[in-house]
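Which chain is which? They are A, B and C, in the order written, and residues in each are numbered from 1.
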Amino acid sequence: MGAHKTISLADEKMQYEFTAKLKSRLMMTLGIGVVMLILGIILLSLGFGETHHAAEHGKEAAKHSAEHGHHEYYWFKRVIANLWLNATFFNGIALIGVFFLAFNYVAHAGWSVIIKRVPETFGYFLPISMGSIIALFLLQIAMGDNYTLFHWTHAGITDPSSKNYDAIIAGKSGFLNVPFFFARMVIFFALWYGLFRRLRSFSLQEEEIKDFKAYLKNPVIYNKAVYTSAIFLVVFAVSESVISWDWLMSIDVHWFSTMYGWQNFASWFVSGLATITLTVILLKEQGYLKSVTKHHLHDLGKFMFAFSVFWSYVTFCQFLLIYYAHIPEETTYFNARLNLWDGYYKFLFFFNFFINFAFPLLVLMAKEAKRTTVILKVVAGAILMGHYLDFYLMIMPGTLGDNSGFGFVEIGCILIFASLFIYTIASNLAKAPMIAKNHPFIKESQNFNQFN
Amino acid sequence: MEKKEKQEFLVGVFDNESKLISAIDTLRAKGLKIHDVYTPYPVHDLDVHLGFKRTRLARAAFLFGITGTTLAIIMQSYMLGFAWPMIIGGKDHIAVPDFVPVTFELTVLCASLGMVATFLISNGLGPGKKALMFDPRSTDDKYVMAIDLGKNSKFTKETIEKMLLDNGVSEQPKTKEV
Amino acid sequence: MQMTSPVREPLVLRQIHDKNRKTTMHDVTNDICRQVEAAPNMRWMMALGISLIVLAYGSYTLYRTWFFGIGEWGLNKTVGWAWDITNFVWWVGIGHAGTLISAVLLLFRQKWRASINRSAEAMTIFAVLCAGSFILMHMGRPWLAHWALPLPNTYGSLWVNFNSPLVWDVFAISTYLTVSAVFWYVGLIPDLATIRERATNPISKFVYGLLSFGWDGSTRTWARYEMVALVLAGLSTPLVLSVHTIVSFDFATSVIPGWHTTIFPPYFVAGAIFSGFAMVLTLMLITRYVFKLEPYITLNHIESMNKIILVTGSIVGIAYITEFFIAWYSGVPYEQYAFINRMFGPYWWAYWSMMSCNVISPQFFWFKAMRRNIYATFALSIVVNIGMWFERFVIIVTSLHRDYLPSSWVMFWPTYVDVGDYLFSFGFFFTCFFLFAKFLPVINMAEVKTILASSDEDASVHYAEEEEHAKEKAH
């Protein structure tokens, strides 16, 4: 109907309560995650769950037979690879929270104001994810060549006199060298987190406004937030490309693709949108965010739908161009995912397209589907799973080959990062009112109707 | 559409969207059957207020779309895979990734053309078709409500006129025979 | 009813040419039907005359192209594709803004699109026709154009090659042209009905009656119309992306250094939007001035379009840098040479024109004063399109002219026929656009009327004043 009922802000539960129950559950999940990780490590170091094939093993055996305890080499690398996967994946979601905030500011978007506090808390996870990324990187370097995910950090790789010398990697060393890599990482982190805190502080400053009518005549704080958002978007555009090359593309160090940053962005963006949708729905189910109507959910659903298609578009274009031109330097990447190790990753490669493209496309196509919370929850869950898988496919073949798997280590790592992420969001949601009541577009958002 | 008998309509003109909507709601609540409302722009949810059925054009578009997809896949596979198989660029005869662009284009083409054709046919629109205009100002700035007197036999013409005047028409309702 | 924050600028201003009254729906009808109903004025006749002269000269060179063959162009054995394909890609790119404005902005509920979508879409259709004309030109034997389609034939079971990006192009461009034309026409029908009802002269009553398909504006028709618009928008959005993606495949599927790079699809799309919006601005600023449409195409509209130009221009800039960086990073010497050659080779002037026009010039739009300055916008919109032409020229010619065999290194220089064929497309484009602007409503009246209800009174006064101020400064 034309005029739907608008819920007054007075009826909203403004203060989020981080219940002791949720807290203890999260702590328990974290504990289970740690236990599973440790259990996984023990099992792997004893030699369980290794999947290398006989043929491959035969070749490697000669090399490694003298090397005592090569299990350790595998389990350690597997743990690092999994932690790296989760850290980068969740870092992306946290960053997308800030990105969502920023592009909504710049676009002067009205509809999203009511859910603004949700992505606003995501940025608080950046210190944890970035801390893990920095620590993991340093750990790899410290542990030496057999343990690192990055081939280009190996000793002597750029030294023509060394037996490790690799001319192609040496050619890239102007960019791929430890100090520069590390510096980029730290600078980007400082910029993201600094700009995020600025945006958050503007948002909190708006809460203090006494005279909303006068503020509407000259929304100073809002204008500042728009300005900061524009800066963030520029920083984001550059840094997102660079970190995609750094953190993920440089794993397959010989390989290169100009599209890689876009694909990665799409993957992160869809996951971020799914996380926002899921959080909003869960909060609504607990009695918060009453003003969120099916019109808002419809928009979130449309976003997930559209950017799932966008992800498929960039991913498919990248694949098609490399498949079509058939240049050996480029096809290696897809060869590892389709043919190598007896097609070890083949199923996952196709399943990736199913869960991230076909599933959201078909399920979210109908209008009513985008307004039904159950369907949205299922799709958001599938998208998060699907894009975890996408990251898995980006990281594992280049680091573990056919020694990857899905067991205690993987589940443990997911549980650790997910519980930390939810803990961060929940504790920061409790620190500010659930709805930005003095945002200049708050009335628009409350009365938001898809068709006006 | 051929009409044998002349129908008599009462035409009410409104100059404001919200007056129109509230009038529709009140008149329908009183049991008056409104033939149709003519507006200069799409007034959203007007069909809901009038109690019309929701359009199913989107579903038609989906069906046309999958027809296009199927046609494209069959056409390309037949032509390059069976009718005259050739090896091109070292790829399979039926090189699935290469068929994606044309499949996509044909899906969109069939869905759009099919839906627009359905739209024109279901509305009786087409070159040379005559429009039934109760008041030409409905294409400018007025909202025109037509009430079929033949279908509202439980009210007299005067009652309906009074009902319209009480509910915000901007001028004296007129009678029009079609 | 929707609520609009007073922070937002109104989308329709007061009647600044007529006592500064509030614009009513009837004003919308009058202002937009005016130029359709009035006799053509001198300025319009002159503009059309010039376009026709250019078209006539272009037709002469086109005749030479077809009669004497492609040898009339400056192509050679190494550079077998140059001006024709550059112009093709350029026009297709320009043809992106119309559908983008009507489809993508509809999905994003950007209401300001209402007053520009009609002419932007018309521009799209003409631009795509211009692009198509270069394909026909290069065919040499245009009467065999239907061979590009998979038609049953008597040459054995001979079909087109669906593995070829050029065949994908045939499908993409023809689908795009068809769907854009249909989308545009469906939107035109209600406005044509308005003109029909106002028409006094029997000829126009007949013609517009025929064109308006018997539209009556009943509730059911509008409800279905809205659904059609929404679904067409949903279909056109991926379509618009796919068209330039497939155009980029013409190059990117090859193994030529400088052409084969995976970023091409999204980067071509961004570039297309960039040049398309620039062309829309060029045309709209003229139309707005000539037809006195300032209340409908406001500084706010211009600013919004400039923001899109800034965003897409910056995306294009990042893509240039990415390409350049990855060429170095790849370690492939051919790839590296292709990029060095672009910058410092014999076509350095083309490269640096592209860089300054496409990457540096839009950065001026970071400043609000520039985004709202009509003259700066007009100048930059032309600069952007020059830059985008050079972009295609750089990609195409610099990648071809020095191939793997140094003995076949050559330069490409256009002949007067190359230039004439390009002029042909300009003549055609502007002839079509001027005819459109005279005989059809340049603004979607129905959609602007939808907006009128929600525009805010006080804010409207303020911005009308600013508009007046801008005009005063101009004098």
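We take it that a residue touches a chain if its C-beta (ideal position, glycine included) is under 8 Å from a C-beta of that chain, and two chains touch if they have at least 3 such contacts.
These numbers come from a predicted model, not from an experiment.
Asker: Have a look at A-C versus A-B and report the one with more C-beta pairs in contact.
Answerer: Answer by contact count: A-C.
Asker: If you average the C-alpha positions per chain, which one ends up nearest the average over all of them?
Answerer: C
Asker: Report, in whole Å, the distance between the mean C-alpha point of chain B and the mean C-alpha point of chain C.
Answerer: The separation of the two C-alpha centroids amounts to 30 Å.
Asker: Hey, how far is the Cα centre of chain A from the one of chain B, in Å?
Answerer: 44
Asker: Just how far, in Å, is the C-alpha centre of chain C from the one of chain A?
Answerer: It comes to 36 Å between the two C-alpha centres.
Asker: Going through chain A residue by residue, note those that touch at least 2 other chains and give them in order.
Answerer: Chain A, residues with two or more chain partners: 2, 320, 324, 452.
Asker: Chain B: which residues touch two or more other chains?
Answerer: In chain B, the residues touching two or more other chains are 44, 58, 89, 98.
Asker: Of all residues in chain C, which are in touch with two or more distinct other chains?
Answerer: 1, 238, 249
Asker: Show me the residue ranges of chain A that touch chain C in the complex, using the header's touch definition.
Answerer: Residues 2-3, 108, 110, 167-168, 171-172, 175, 216-217, 219, 222, 234, 237-238, 241, 245, 256-262, 302, 306, 309, 313-314, 317-318, 320-322, 324-325, 327, 329, 440-441, 443-444, 446-447, 449, 452 of chain A touch chain C in their complex.
Asker: Enumerate the contact residues on chain C facing chain B in the complex.
Answerer: 1, 24-26, 29, 150, 156-165, 167-168, 171-172, 175, 178-179, 182-183, 186, 189-190, 193-194, 196-198, 209-228, 230-232, 235-236, 238-239, 242, 246, 249, 445-447, 449-450, 453
Asker: Applying the document's contact rule, which stretches of chain B touch chain A when the two form their complex?
Answerer: On the chain B side, the touching residues are 21, 44-45, 48-49, 58, 62, 89-90, 97-98, 100.
Asker: Which of the residues in chain B end up touching chain C in this complex?
Answerer: Counting only chain B, the residues touching chain C are 17-18, 36-44, 46-47, 50, 52, 54-55, 57-58, 61, 65, 75-76, 79-80, 83-84, 86, 88-89, 91, 95, 98-99, 101-102, 104-106, 108-109, 111-113, 115-116, 119-120, 122-133, 136, 138-141.
Asker: Per the contact definition, I'd like the list of chain C residues that touch chain A in the complex.
Answerer: Residue positions touching the partner: 1-8, 107, 238, 241, 245, 249, 252-255, 260-266, 314-315, 318-319, 322-323, 325-326, 329-332, 454.
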